[in-house]
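Right, I'll just put the structure down here and ask away after.
Order of writing sets the labels: A, B, C and D. Residues in every chain begin at 1.
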């Protein structure tokens, strides 16, 4: 009576593929060879996309970029578990998840190039969400909608270890629980939130236990183990589709910089980085696939070549799109129907741009872009640049292929 | 390795005095007879203060009031555990806690009368906080300050079951954990947030387990057991003073209306109310004290008389204060030093009030108040009034003594 | 056909009819279900539309953020924020997401959410239950802000807001909820967003107001001598500048009234638009009759804070005598 | 003695000197410690002042709410919000508590918190890293809002803000952080809040700007023909109306520049104050050269959105030709 235990909870950790690439059959999800190869291809594609995107930023061709290098298993494994008729609600480091969901590379690059064209919504993926953790509530809303309609479908959202400190993430898990939302909350614990290490975000032993506060299930998985992640995500989605939201903590590592403006050497050790390199998700999966005979040197070379060809096309496409940006379009999507004062502002804008063209030497493209070029474009400052000055300096010198291995 | 339990948590429940008033010595805190009587007096005073305050609202003498009837043990027991040099950070239903901390009744009434005079800060109690849960962060800040200074002191904050759904409360507990703040988070789970029952706020089995997300200790206590609460609060404060914040969930019941504008009959049953009446915190404590010989009929009558005399004085004082409200003072405390434009606005205000006096029949007090009286004050609508119309109608008829037993 | 009903009932009627018409309309928030809302704006709706009305946990950021997700899922969310001051708890969801979503996705994802919330002073409410932050909302691109002043408009504007493909802050003046019974059309009644209404014609001075201040302005005019034109702005953003400018071009004088603090309030924007396009018609400075630059006081000082017919009348006099 | 330093270094210097002077000054926020801030405004400070500089979890409501509690505990909190747009996450703590605390407690509890935050566009930043919401802050009574335009003022105003007994939003224009090295006094340097500065004298037209727009305005004036007076507002709230009015009474013409969207921006408030007290001196409508009423676009369209010397020059021409 007087002092008694009234509730008990625990957090489980799952791993299917260990660091040497050995599979624990009991934890392995069912995956055929084709899917195994596709998982592998997606992880490789993601890594190369990130590397190329960083290089583009270094050359001044695009803006701040947040690479997910090291997190490919966490993203590809979980996004792969989602059905086409289900929703993916990413944060800002989810290139791999987007690619898994079929988004073309040039769209990701457009976003990095500062173009809304890269944030258009297609195929049930919401656009990148910059305010940390805020998107978890959208996923709760989507999952609630699926519950209201009684759909056999779910929503999966991503956020980081840092994001778990935000009230939004807690609120999202809590309301999802109450509303039986079909939502899976996938926390990629990559150990760092910019310079703040995981243990300074929360006193909690695990992040998965954040689920306890919401009364929903929480589980930890080796986030560098694509098969473990896939299995856990499948189970979580299955539960969510029945109105039982789940939080998944994928233990992984941000191998590279926070963004292209960041220099991790200021706040973490090479030793730590080395430890995690050894647990690289792609290397591990590769070992397993080769061991299984699903992959060999020829196949790997073929995949690599296909990826390079694809990226080369996509980067061209991104560059072409960038040349077609019409600044005046910023007025066109504020409301479904543009109100009078805004129409007037658009007209003023166009008139002034015209006037500008008259006084400044116009380029072939005309308008703003013309002027910028005419004015002799200085290399733009990038955001959070100060912290990344050193990195930038290196970056400016590096060429397309050299950058991206280590931030 | 592959699927293993990595963390375990549990929530304990504590009760010292059972519903019949029997004490479990093992759980009982050390309290001498004087303190026992003081705890009792404070609970009685709190109940009567709430009853009188509700009656004043019913007569149009004050505004919306949130009675804490039923929660006296939860508040008095916990606030009693705080030292004078420690901070109390209340929500909006903490009359009992304020009284325990020595705040005079007239100050509480002033606040209910819509006067900032009732929110002045004294004796390390922050003013009532209306935005649900927001004050928890202030308590985290105070507790952090105590940690920075290495003080052997702590801060105790109150919030409700509904408040646990707010991101602020989660963030407060989480940062308190990380910053080793000297903070105790006391959740009075009174089962209702206006019309929303506890189980619709969260899927979690207990509210105490919200602490798990922050990695701090959480404990449940019978909130209608003043000795259990006192003991648990003492332990929690002791822990907090050492940099280990604690969340306490006090299981109690809002016996009365949410506020004077609310009618609980719309959303809950008399049966439920009856069940909880049987667990009334004052009745239970009274039984125990009589059993122990600390209290008898004479002593009870004496205490009751003292309380009535005190309340009568305090209500007079509150009414007097209300007559002295100077509207122009609203300009005086916006900034430590009033900037020019605001000074100008104050001058305009005073000039216009003066002009008003010339055209409208002025009363003895002059100014706005004069005009209002001259205009024949209608009984003001009270906020959230619609839900409470029925209650209000009853209220308007009831006299000072009839109201307040059941909302 | 028309009914004599109060503003709060008109709100309820619009919700009722829109939920009947379109099952993607979902009403949710704190105490809006079983309790029928703290002002009874949603009374009994949960029984009529059990799949469309929901009580939620006490979390405004969640309430607003859920609306963004529901929108993506094809719903028309109509959340209630119990009092306007608590919208701040979820302000980031409004500014960073709801209002920007269409723009940032180039029209591929809209947020047809209508956020209903009681606002403004005048009912001796608790602290932080009386603020007016419409200027802060109006300064957020992509968000519409609407304030009905009477029962018929409450119904018509709310209907339009719910049907609008973009996010709308729908601010319901608490002091008008039960102030009067007025004629409200039965059945479908839509008042287009973005159109002000001339509620009284006049030649000498233009008085612009919205929400609870419209009644005060009319009072002021009735009790004064000036032949004033009174404009009820109704939608404060996007603003119907033409209605104001037309009137000011005619009268040459203008008084703008709002409860919100003076500095940075929407009266300033109106003055600026007159400056932009009708300066040369002005015969006197535009008068701003507004709340003061002080936090909305507790209710013992509330009447001193809020503009009333008296203060408006003096404003009109100043505009005429300058 | 004066140093040639950049704005971001001037910020750091003020923090350094104020922490040395007063150990109740506490600097905290996301990445301000070990990392020295994402713009390096707090670089190395954690080593110098280990008891006064703290990295916090990623939670802006917490960061601002902690400041209220720290204030009660006798500290002078100087939190950093990593980018101004994320202050919205804790907007409720600013509006409901920090700004009201002194008022609602009749002066018995103040919140001497200075919220530093990078703001404004011009550095091709990520989405939601470039917004300007100073008008929204200025509309909150009890809150001061300050925007330095150059290194010396950054140091002097920040010092004043930290010492100020009331809450201050201190908005640091990111595009000026490293724009130039300028002379900044060494040692104690205080620029009083609430005072604008005439940065260029002129007779024909008054140009009012703040933050990054001051440099654009000066550029516009240098490259144009008009004899313009340029006022750097510095504190946008409470506003130094007299400085503006004095100048406008002299020039009869005025252009107000800001990055924030036009509708409800502070240019409107300035127009309204001129209307209130200097209307009859105006020879032309006041020109507003501002951002458009659209969400701040991603950076490919950023230059099109932001006012620049060109647009300001055209504004000046319009003001002169009307």
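Remarks
Criterion: contacts are C-beta pairs under 8 Å (C-beta built on N, C-alpha and C of every residue); 3 or more make two chains touch, one makes a residue touch a chain.
Source: prediction; values computed, not measured.
Removing chain A from consideration leaves the other chains joined as one piece by touching.
The minimum number of touch steps linking chain B to chain C comes to 1.
With respect to chain D, maximal separation of chain centres occurs for B (centres as means of Cα atoms). Chain D has its Cα centroid 33 Å from the Cα centroid of chain A.
In whole angstrom, the spacing between the mean C-alpha positions of chain A and chain B is 45.
Centroids of chain B and chain D (each the mean of its C-alpha atoms) stand 39 Å apart. The set of chain A residues touching two or more other chains comprises 116, 119, 130-131, 134, 165-168, 171, 174-175, 178, 200-202, 329-330, 334, 341-342. Contact with two or more other chains is made by residues 57, 59, 61-62, 85-86, 89, 92, 96, 103-104, 127-128, 141-142, 238-239, 263, 292-295, 297-298 of chain C. Contacts between chains leave no pair untouched here, as each chain touches all the others.
By the touch criterion stated above, chain D contacts chain B in their complex at residues 26, 51, 54, 56-57, 59, 61-62, 64-75, 77, 92-93, 96-97, 102-110, 141-142, 144, 164-166, 194, 238-239, 241-242.
Of all the residues in chain A, the ones that touch chain C in their complex are 87, 89, 116-117, 119-122, 126-127, 129-131, 134, 136-146, 148-149, 155, 167-168, 171-172, 174-175, 178-179, 329-330, 332-336, 339-342. Put simply, chain C touches chain B in their complex at residues 8, 30-31, 33-41, 43, 55, 57-59, 61-62, 85-86, 89, 123-129, 174-175, 177-178, 262-263, 292-295, 297-305, 310-311, 314. By the touch rule above, chain C contacts chain D in their complex via residues 85-86, 88-89, 91-92, 95-96, 99-100, 103-104, 127-128, 133, 135-136, 138-139, 141-142, 237-239, 260-261, 263-269, 271-272, 275-277, 279, 282, 284-286, 288, 292-295, 297-298. Those residues of chain A whose C-beta lies close enough to touch chain B in the complex are 1-16, 18, 24, 26-27, 165-168, 170-171, 174-175, 177-178, 200-206, 208-216, 220.
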